[in-house]
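In what comes next, chain A is part of two complexes: it sits with chain B in the first one and with chain C in the second one.
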Partner chain A sequence: MSFVSLGFLAFLAVLIALYYVIPGKCQWMLLLAGSIFFYAFTGWRPLVFITVTALSTYAAGILIGRVNAAGNAWLKDNAGSLDRETKKAYKAGIKRRTRAVMVICLVLNLGILAVIKYTDFGISIVNGIFGTQIGYFRFILPLGISFYIFQSMGYIIDVYRGKYAPERNFARFSLFVSFFPQLLQGPISRFDELSKTLYGPHRFRYETVARGAWRVLWGYFKKMIVADRMITAVTALSGDTAAYTGVFVPVLVLFYAIQLYADFTGGIDITIGIAQMLGIDVAENFDRPFFSLNIAEYWRRWHITMGTWFRDYIFYPLSVSPGMMKISKWSREKLGQAVGKRIPVYLSTIIVWFATGLWHGAAWNFIVWGLLNCVVIVISQELSPLYTRFHGRFAFSNTKGYNVFQMFRTFWLMGFIRVLDVYRDVPATFRQVGTMFTTPNWGRLFDGSLLGLGLGIHDYAVIAAGCAAMLTVSILQNRRPVRDRLMAMPVAARYVMFAAAVLLIFVFGAYGIGYDAGQFIYTRF
Partner chain B sequence: MDKLLEILKELHSDVDYENCTTLIDDKILDSFDIISIITEVSSEFDVQIPAGEIIPENFNSAASLWALIGRLMDE
Partner chain C sequence: MPGTEEKPAGNGNGSGTKKAAVIVRVAILVLVLLLGLWLAQRLLVPKYISVNEEGLLTREYYAAAGGNDVLFIGDCEVYSNFSPVKLWQDRGYTSVIRGSPQQLIWHSYYMLEDTLRYEKPKVAVFNVLSMKYGEPQSEAYNRLALDGMKLSDVKLRAVAASRTEDETVASYIFPLLRFHSRWSELGSEDFRYMFSTKQLSHNGYVMRLDVKSVDTVPRDKPLEDYSFSQVCWDYLDRMKKLCDDNGIRLILIKAPTLKPAWYDEWDEQIVKYAEDNGLSYVNLLDLRDEIGIDYGTDTFDAGMHLNLSGAEKLTAWFGDYLAENVPSLADRRSDAGMAARWNEKIRYYEEMRDAQQRQLDESGRIDSYWG
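Presenting the complex of A and B:
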């Protein structure tokens, strides 16, 4: 069931109405039933997969909890008779056992993800290298599998680390894994944060529901008025690489940046808004990323929950692992302090960005996309002393104008890396970017070609107005949350504005034949 | 503690580590810095900081980091 469908809106209306009528202690059960109903629309096979993840992660959590509890009780009972070394050895034994449980859970779930998502990619590599003709399995990827498996694996690692106690109720845990607003494209929540509000009880509060509804509406605005209207142009520009070279490449970079931003942030606005209407706080996934001054900052502000997931569960463990510490020691001895201390950080960075690329899709374009991000981040890191000196020496580099230049630079740099996602072919992407210099054809910008992309003048006008609205909201948001301003208005004015916004989406939203409004870009990851 | 301050100063000499308690919250230290600190600490104090201990509460100030090192050395 897509967010952008009347069926979903009807489902949501019934669910919210029931949610505030039934007793508070039953609200989370309704959410679980609603989540299963919602996900069942994708078919019975995805339901089997998500059940396996929920069941295995829940069981592993319980087992880790039991081993820890039994170990701690034994240590307490024998505290007086044990020396320090014995206690240390016993604790290490407990850690080994709980680690084994966690590793089995990780291997099972990430193994499922790997088999379904990456088998055909592996086969294509083998076929390419050895000239074999191994057939493809063409598994159908269950929607949202990358998101709910990562969320569940974050949970089991946290339980292993002792960050919180495992959830004892399987139904409650299943809701954490399958909570429908965030099931298909995140955010990737943490159990300790989401569980604070997920299980209620929640009393109906007009302001909370209204604020959530505004956020949902804003998400639909971005998705239907801007992102979906942009689809035809992005498809045309990336599909016909022979016709759309030179100047059309930066046009595609710009169009895709707008489409992806409106699509992904719009989807997350809908997710967070729905959760808020239910009284539930879901983690923010964006912090006005196009205002970033450099790529490292961009990645702290774009798809935040994915970035922090990779940081906390891959980058940190890898960087401080005994193996990496040995590499660090070796490289310091052999290569000197300056180079040696960079080795573990950069090695981990490369691995994390390789994994981030692979997470986005089983294809070379995603891997190269990840590694290009890595290269830019590492170069920026190496040049940071130079930047510091530069900012210290030249006063103009600390002005707002220079900040705008940095944002502009980051936007285009990220855009050109991101375009690998739409061409979906590494050599073709580099060829296309190369044509900007060999055959720029600037004149084609003004010969009417842009009107041959499936968008008319009125479409461009609507998109431009949509972009202006998104930019205005982002700037205003920096000073005072826009919804605070809305909620401070008289009630009648609020209702009129809400109705006008709904009407705006119905009139200017892109839907119907020719638009694939059902698909959010990030659901395919 | 002096040795730890020396390690921290080497990363960002302009930070007042004696008084700052928001090294992570205010994004003064990033993930690269944290790994550099852990690598240095590991080599200087012969203590391993596990990934689970990399949380803002342990890295927000030199004092909290020093307390973490002490706790891990005691274990």
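Presenting the complex of A and C:
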């Protein structure tokens, strides 16, 4: 069931109404039933996959909890009779057993993800290298599998680390894995954070529901008015690489940046807004990323929950892993302190970005996309002393104007890296970007060619207005949350504005016959 | 932050007044919203005044409904070729046409069902040309046929049966969902006819006075397969059953227009069906000389549709046929109420005829049905 459908809105209306009518202790059960109902629309197979993940992660969590509890009890009972070494050895034994459970759980779930998502990619590599003709399996990727598996794996790692106790109720845990607003495209929530409000009870509060509704509306605005209207042009520009060279490449970069931003942040706004209407706090996933001054900052502000997931569960453990420690020691000895200390950090960074690329999709373009991000970040880091000297020497580099330049630079740099996602072919992407320097066709920006991309002048006007609205809200948000401003307005004005916003979406939204609106871009990851 | 300071459901101090205030506020918001959506819908739906005027036909039925003894159902071959006003003037029979452009047989079936919600005619005359289409043809024709139908279970079933792959039932209930993108092509007509419209038809008949004679009749291309789709036969069966169940006599006709082609092989199938099911079938194409249709003067588009002259000739002949074959039909001209109603229809009929004649006299062509 797509967020952008009348069926979903009807489902949501009924669910919210029931949610605040039934006893508070039953609310989370309703959410679980609703989540299953919601996900069942994708078919019975995805339901089986998510059940396997929920069940195996839950069982692993329980097992880890029991091993820890039994071990701790034994240690407590025998505290007086054990020397320090024995205690240490016993604890290490517990750790080994819980680690084994965690690893089995990780292997099982990441294995499922790997088989479904990456088997054909692996076959294509083998076929390419060895000239074999191994057939493809063409598995259908269950919607949201990358998100709920990562969320579940984060949970089991946290339980293993003793960050929190495992959830004992399977139904409650299943809700954590399958909570419908965030099921298809995240955010990737942490159990300790989400569980604070997920299970209620929640009393109806007009202001909370109204705030959530505003956020949902804003999400639909971005998705339906801007992102979905852009689809035609982005498809045209990326589909015909022979026709759209030179100046059309930066046009595509710009259009896709707008589309992806509006699509993904719009979807997350809808997710967070719905959760808020239910009284549930879901982690923020964006912090006005296009205002970032550099790529490292951009990645702290874009898809935040994914970035922190990779940081907490891959980068940090990898950086302090025994293998990396050995490499660190070796590189310091062989290459000196200055270079040597960077080697393990950069190695971890490369691995994380490789994994990030692979997480986005089983294709070379995603891997190259990830590695390019890594290269830029590493170069920026290496050049940071130079930047510091530069900022110290030239006063203008501390002005707002220079900040705007930095944002502009980051926006386009990220845009050009991101375009790998649209062309979906590494050589073609580099070829297309190369035509910017070999095909001097800048005049085509003004000869009506842009009107041949499936967008009329009125479409561009709507997109421009939508972008202006997004920019304005982002700027205002920096000073005071826009919803605070809205909620402070007189009731009548608020209602008229809300009705007008709904009307805007119904009238100017790109949906129905003639439009290819539908799923969110990130649901395919 | 939401949720952090909340109390369990039912444990709060929420007074009745507070709850009532929230309910009232939400109700006001919903009303404001619905009003806005309704106004937007009124503005954005096509008005069918200067283009695709036939889009008005289905909705115009409801003003003409009630007391009609003869129902014509079909496509342009009925709404262009039969004049209920002429039938009234000649025979005193009350009749109405439920036709729209390229009306498919399932459209016709549901039009018949819809009609039975408002009146029970004695005769249903169905033009069989649509038997040639076994599947939905285009969204545009679905819209012309079904958008004007009043919301009912019949309409919903009609939409479900007719819709093409991209169409949704919801968009027929809330046409704004389909026509929202017309904001970029709004014209003065959309504002002028936001809350009103013009009447195009005369109990379903669409009048044209102009003449475009038949120069040549193209030879019909042979087909690989002349058999009608089973779907069409099923709907014809359903139509017959519905008529039988309601005591309506079903008459099948093929209108006397030269284009599009009506193959002998098709005709034979209809003849056999009519014989097998005890129905009357009149192929008016074979009777054009008897009817007196002159394709040099009686068609406005070279043989596809009859003009007023042709339609009145055909209606006069068909009135005789009905008088001869359906004795239960009554001359209702002595019914004062009915006569008054039809006199008004005659007045509008003549008014449009004169308006079109004036256009022909002035410019030699008809730019608008209404003048």
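One rule holds for everything that comes next: the second predicted complex is superposed on the first by the 524 of 525 C-alpha atoms of A that agree within 3 Å, B and C clash if a C-alpha of one lies under 4 Å from a C-alpha of the other, contacts with A are read in each partner's own complex, and residues count from 1 in each chain.
In this text, a contact is a pair of C-beta atoms (placed from the backbone, for glycine too) under 8 Å apart; a residue touches a chain by one contact, two chains touch by 3 or more.
In this text, all values refer to a predicted model and were calculated from it rather than measured experimentally.
A.B. asks: Using the superposition on chain A, tell me whether chain B and chain C clash or fit.
C.D. replies: fit
A.B. asks: In the superposed arrangement, which partner chain does A:G162 touch: chain B (first), chain C (second), both, or neither?
C.D. replies: The answer is first: A:G162 touches chain B but not chain C.
A.B. asks: Just chain B (first), just chain C (second), both, or neither: which does A:Y387 touch?
C.D. replies: After superposing on A, A:Y387 lies clear of both chain B and chain C.
A.B. asks: Could you look at A:D281 and tell me whether it touches chain B, chain C, both or neither (first, second, both, neither)?
C.D. replies: Touch status of A:D281: second partner only.
A.B. asks: Between chain B (first) and chain C (second), which does A:F430 come into contact with in this model arrangement: first, second, both, or neither?
C.D. replies: In the superposition, A:F430 touches no partner, neither chain B nor chain C.
A.B. asks: Among the partners chain B and chain C, which is in contact with a greater number of residues of chain A?
C.D. replies: The partner with more contacted residues on chain A is C.
A.B. asks: For A:F139 in the superposed arrangement: first (chain B), second (chain C), both or neither?
C.D. replies: In the superposed model, A:F139 contacts neither chain B nor chain C.
A.B. asks: Could you grab the smallest C-alpha gap between chain B and chain C in the overlay, to the nearest Å?
C.D. replies: In the combined three-chain model, chain B comes within 20 Å of chain C at the C-alpha level.
A.B. asks: Which residues of chain A touch chain C once you look at their complex with the stated criterion?
C.D. replies: It is residues 6, 20, 22-25, 27, 196-197, 200-206, 208, 211-212, 276, 279-281, 456, 458-459, 491, 495-496, 498-500, 502-503, 506-515 of chain A that touch chain C.
A.B. asks: Help me check something: in the complex, which residues belonging to chain A touch chain B?
C.D. replies: These residues of chain A touch chain B: 88, 91, 161-163, 296, 300, 311-312, 315-317, 319-320, 322, 325, 328-329, 332, 341, 344-345, 348-349, 381.
A.B. asks: Which bits of chain C are touching chain A when the two form their complex?
C.D. replies: 1-4, 6-12, 14, 22, 25, 28-29, 32-33, 36-37, 40, 44, 139, 166-168, 170-171, 176-178, 180-181, 183-184
A.B. asks: For the complex, give me every residue of chain B touching chain A.
C.D. replies: Within the complex, chain B touches chain A at residues 27, 30-32, 34-36, 38-40, 42-43, 48-52, 54, 75.
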